[in-house]
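Below: one structure in structure tokens.
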Amino acid sequence: MMAVLQPGVLFGLCGAALVGIGLFAVITHPGLLRRIVGCNILGAGIFLVFGAVARRGAGPGFDADPVPQALVITGIVVAFSASALAVALLKRLAELTVDDRAAPDESRSGL
Amino acid sequence: MSSAGLLLAAALFFPLVLAICCLSARFRARVLAVVVIAPLPALAAAVLVPEGRFAFFPAPFRLTLVLDQPGAILLGGAALLWSAAGAYAASLMARDPAAPRFAIWWLLTLTGSLGLFIVGDVVNFYLLFTLASLAAYGLIVHEQSASAHRAGVIYVGLALLGEAFLLIALVMLSAMHPDANPQIRSVVAELPASPMRDGTLALFIIGFALKMGLVPLHVWLPLAHPAAPTPASAVLSGVVVKAGVIGLIRFLPFEAGAPLWGSVLIGVGLVTAYSGVIVGITQPRAKTVLAYSTMSQMGLLAVLLGVGLDTADPAVTNLTAYYAVHHMLVKGALFLGVGILATTGGRRLRLALLLTAVLALSLGGMPLTSGALAKLATKPLFGYGWLAGAMTLAGAGSTALMLHFLLILRRDTAGNTAGSPALWQLLPWLVVAAAAFLIPWSLYPAVSGETVSGLLHPEALWKVTWPMLLGAVAMLFVHRLPQRLGAIPEGDIIVLAQAAQPVARRFSDRIGGIDAHFRRWPVAGFVLIALAILLGGVLMLQA
Amino acid sequence: MALFDLALVALLLMLALRVVVEPDERSAIITFLAFGLLLGLAWVRLAAPDVALTEIAIGGGVTGILLLRAEAALRGRGKQAEPATRTGKLAVAAGSAAISAGLGFAVLTFSTPAPTLAPAAAQALPATGLGNPVTAVLLAFRALDTLLEKVVVLLALIGVWSLAPDALWGGAPDLKPAAVPGPLAYLGRVLPPFGVVIGVYMFWVGADAPGGTFQAGTVLAAMWLLVMMAGLHPPPDTTRWLLRLVLAGGPILFLAIAFLGFAFADGFLAYPKALAKPLILAIEAALTLSVAAALAMLVAGPARKAPAR
Amino acid sequence: MTPLVHATTPGGFLLVLATILPVCAVLAILASGPRSAARIALATFAAGLAVAIAIATELISSGKALSYVVGAWQPPLGIALRADGLSGAMLVMTALVVVAVGLFAHIQHGLQTDAGGGRAQTTFWVMLLALWSALNAVFVGEDLFNLYVALELLTFAAVPLVCLDGRAETVTAALRYLLFALIGSLLYLLGAGLIYGQYGTLDLLALAQLARQDPALAVALALMIVGLLAKAALFPLHLWLPPAHAGAPAPASAVLSALVIKAPVFLILRLVLDVAPPQAAAIAGQMLAVLGAASILFCSVMALRQARLKLMIAYSTVAQIGYLFIVFPLAAGSADLPPWGTIAWTGGALQLVSHALAKAAMFLAAGVIAEAFGHDRIADLGGFGRVLPISAAAFGLAGLSLMGIPPSGGFVAKCLLLTAAVIQGNPWLAATILAGGVLAGAYVFRVIDKALAVPTVPIVARRAVPRRLECAALALAIAAVLIGFVPLRPFGFLQIGRDGLNLAWAP
């Protein structure tokens, strides 16, 4: 039982649960913005699994394995870029659909 | 490389090169003039090249050409018909702006159909078969009428299906062979020992039956042949259907025999022969009647091959080729004749009708014509049992069908004003008609092993005459049947397929509905999760 | 500490669930930001201070600005698409739970002793002259990932820019709200000097202590955003050469040094031993600026004003 | 057993160039401004093509895989790049398609009235180059996380291409694509994390020797494979593909359909063949084959139903991707024959390459048609072959390859797969391959039939299209046909660099 309470395992399990929550949000939530947030929760869960792996890999002189930690940093930046692109698309879409209502059929002329 | 080999290669490549030259617009504008010479190397090869096999190009691209007796007989006849029909087409289409397009399809079909008679390896056989099959589409739809288009669509659909059957059959045939592109001869020799023998044979028969127009895969034939321009009808009905015949000749194991599949071929062939006559006799259009006659004759060829397969008699291939070349030339001449008669009037009309009548009755086996020769040469195969009777009856049926054809021709030409056909249409017709008479006569001794003088024996004459009389009598009765003409629509059972259209549409709509469902975000997401769980679960259970 | 960890995990899960079920968009996002900050705490507990800083700066900070701005822009016309049915939700919930269970099982059955590259990293660390192994992994051992990741960020930025209407292509984004709230204006004036100092400090210590180019870059980005949002300094045109140079400068310097490795060291992305640390620091400096500019512009979004010709 | 380690081989630096050169061009465009985008891109095409050809030449002449250890940091700490025969084929294919599409786009841009430097044009060039980099990185990557970054790079390059025209429908399609692909890559990343937790390395070569049957690996493989399936848009995960590929401008559709979805497929191939233990590979292969077969049949029917040309081609992509997945059970190795020694492997690789060439040609031809007539409704295209003979020919030749009609790459590929199915006694897969061919024939013929038709009212082009534009499509289509003549088996190019991995397959 104590083994489960070690951070290297506990946060791994937490990450696993977050993955489930994130997946549920991104798949079932009707709001597109919330789907993006769901993706972020999914990502957070995944990074926690990496963190748990890193923590388990503590060695002499190191509290944790630096490699997964570095991967997480890279991953966070990539995930943020993805969110930013998704949000930009979403905002553009909202603008376009509003415009469409104002001037219908303008967008249908070309291919 | 011997000069014989080069000539044989020229038979294949000359028309192909001409087709490729059409990429140049300047050449394209004049291409009609060369369609008549395109098959000439093949004709020369059929006459001059001795039997043998020739290999070209190094290993991965190796092309093997084979000239044997059945191949040479068919190649010669086909080349002659292609050339004559080409001359006819060149004259007919001189003013047609779409003629270059027609000529390109013509050259491609020609390359494929002639090549099939001489190719000796599996891959190139399939390649040429495909070429002949698909390029014929261009000939069928050339006139762009609604009926031509419908015929073309149905033709391509069935041709693609045939391709699929043939492909899997070829793959099953050569899967175990170490060579990537084996010789047809060697893989067919291994076939009887193959564990997939029956499946392979069944697929071959289906694939080639489709091309020959055997029941129930014949539906495209009575639609496509009449829809094409006259010279194209002549080669389609004369030569292109023979692709199926040469396929069966090449790929069925006549050495070892396969009684089960022999019986199947005999059964299918007889049904085709009779149904061709029965449906054909209800048709009001001359070209459609000819198409049904082609179907009926292909049935007879299938019976011939079936007998050979049943009795393990390799000699049947020669006889089949002989019968096929007779039909090829006669049918070609008849189709051209329909075109000639449409433009002929007055005194010449009677002469032309007479010649047409001789050609037509030749299919029923009129004495001294190629039909009689073909029937006499193949007669020994059937023995004296029920099969011989059935074949005789089929001959009678052919006579009746041809009488029906002649009656239609007389009706159609009754109102013709005096006139004469263009010389360059008349001449090819006469050449083919003459060849239909001469070639079978000259080949008879070699093929049947009997002397020509035996043909003039009264007994032999009677043997072929009485079925004709029977057919004529039958026609007398049939002629009186009310509402006979048009009782069965062109393409007969295709009507059933059209009745199934709503079902197909519903099926397709169902697929569309499922697709729309799967493309909903939550559904796709759930499927994603479910797949991960499934795969993970299975992998975990195993771990 | 175990109890603390348990409480932290419970809180994290609660907040995450709250984000999912919360009907109001704005509260959901604020909950998510709280979740991000708590996550930083979790990273501290996982002995990953570098990640904790990154998570707080990006997950709690810049993402917060991004999402809140998006929420404000979309309010009232938020896209509602393809809702799941009740059974569908149940099925997905069951599936997600199964995935979590499988993951948990995998986490519990990891091989022991845990495989680790820590010793290998420790052994190789001196060759880089750095003290912080995470920085060494990012800029030496796995520098190719970092390089490509920089390109990913720039690509996302160009992707965002490409969403501008044709007429505005090359123009400037607009961050300033219609009316700048008082506190924002105040923060915009007061915070940036501190922020810049913190950012520079983080970058400087990053070589040997927790911190580094991403964390520093993110802090700088946040400060720049603050300034732009408070309307103190308008965002630049996206075609401005200075902006483009700062954006591309980091990766270009990185690439240039990487290619020099062919000539002066063991190949692409290898550093000459003696110069390793200064070179890495130079790269980090340029990258920090690039990251700051890129992240800020990512949040700022596509152009909303026509370019000045 | 001595563990295999990466060692930089002569010519290994070419792999670095293949991945980095297009990135350099992206940065150069960013630094020097949009106006020079086209020029920089064209110069990169020449250089990139040369690099790809150099890699292929080096592979052939040495007969061994090329490797490069980046920064001389040995994996597992560092990252290695490696190109075997299959990777080499992918690199060359990618270069060919990218260059042809790039030239097409350059000519097309030249037709537009406004000068260069516009939004859509600049974005196109940047994304095309980034995409090339990402694809090359995927094909030569040896490190699971490095591959993740490459996949993300690919997604971020592909998404803006989808909505270049900025209409609401395409933006919707792009957003849907981005989110679904994001879920896919996150699942992949999660799997990579689990693998690191279990084995302490992300290096594929090392994993090939370390991987054993254990729960962590099972979960990791399942997540990674399914995540990649989502990115590959295999039925029934294809929701994003038809609108995205049909909505993008023609050159963008061409690279998306021809190349982008091949990257995840390639990675699945590597995971199943190199990482998964043999029994796991067999089971995963069965499941993938079922999905592949469903994809072929279902999406071919869907393609047949489409009224718009580009949607038809997009559905055809999903169907053709299916063929790559039925390779798995067919290429299952035996004790004396590793998977890459089988003909199914060769067939699969050939299908991958010939589909890429044919599909790119088809989309470009469709682009010309849309450019000329202002629409792509199949029903209203009667007689377009008269107006655009070269495009019609390109479409027809590419169609040959899709249908599997000889002579073409698609024919040889399907023939090899059929042979494998027959030898293995797998009638269902054989029937699926054939049925897929017939259905492909039907939907290609639908268009050809329109091209050859002579409508009563002749169709007229809304605007003239220069021949040069059509020729790019034709060149690709001819390449798809010619690839059928490449003698693959005795050549053994696809087997280069794979024998070292035999270890993992020894029972």
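All chains are identified by letter, namely A, B, C and D, in their written order; residue positions are counted from 1 within each chain.
What we mean here is this: contacts are C-beta pairs under 8 Å (C-beta built on N, C-alpha and C of every residue); 3 or more make two chains touch, one makes a residue touch a chain.
According to UniProt, the chain labels map to these proteins: A = Multicomponent Na+:H+ antiporter subunit C; C = Multisubunit Na+/H+ antiporter, MnhB subunit.
This one's a predicted model, so the numbers in the text were calculated from it and none came from an experiment.
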Please give the intersection of the contact partners of chain B with those of chain D. A, C
Going by C-alpha centres, which chain would you call the most central? D
Can you name the chain that lies farthest from chain D, using the mean of each chain's Cα atoms as its centre? B
Out of every possible chain pairing, name the one holding the most C-beta contact pairs. A-C
When the centre of a chain is set as the mean of its C-alpha atoms, what distance in Å lies between chain C and chain D? 31
Could you put a whole-Å number on the gap between the CA centroids of chain A and chain B? 65
Quick one: report the Å distance separating chain A from chain C, using the average Cα coordinate of each chain. 12
For chain A paired with chain D, centre-to-centre distance based on mean C-alpha positions, whole Å: 27
So which stretches of chain C touch two or more other chains? 81-84, 88-89, 92, 95-96, 99, 102-103, 107, 110, 114-117, 121, 137, 141-142, 145, 149, 152, 155-156, 159, 163
Among chain B residues, those touching two or more other chains are 520-522, 525-526, 528-529, 532-533, 536-537, 540
For chain A, residues that touch 2 or more chains besides their own: 19, 23, 26-28, 32, 36, 49, 52-53, 56-57, 67, 71, 74, 78, 81-82, 85, 89-90, 92-93, 97
What is the shape of the graph in which nodes denote protein chains and edges denote touching chain pairs (line, ring, star, complete, other)? complete
Sort out for me which residues of chain D touch chain A in the complex. 77, 145, 148-149, 152, 155-156, 159, 163, 165-169, 171-172, 174-175, 178-179, 182-183, 186, 189-190, 193-194, 196-197, 200, 370, 374-376
Could you pull out which chain D residues touch chain C in their complex? 8, 13, 16, 20, 23-24, 26-27, 30-31, 33-34, 68-73, 76-79, 118-120, 123, 126-127, 130, 133, 137, 145-146, 149-150, 152-153, 156-157, 159-160, 163-164, 166, 171, 190, 194, 196-201, 214-216, 218-220, 222-223
Give every residue of chain A touching chain D within the complex, in rising order. 19, 23, 26, 32, 35-36, 39, 42-43, 46, 49-50, 52-53, 56-57, 67-68, 71, 74-75, 78, 81-82, 85-86, 89-90, 92-93, 96-97, 100, 107, 110-111
In the complex, chain D touches chain B at residues 176, 180, 183, 187, 213-215, 217-219, 221-223, 225-227, 229-230, 235-239, 242, 279-280, 283-284, 287, 291, 298, 301-302, 304-305, 403-407, 415, 418-419, 422-423, 430, 434-435, 437-438, 441-442, 445, 449, 452-454, 485, 487, 489-490
Which bits of chain A are touching chain C when the two form their complex? 2, 4-5, 7-25, 27-34, 36-38, 40-41, 44, 47-49, 51-67, 69-74, 76-78, 80-85, 87-94, 97-98
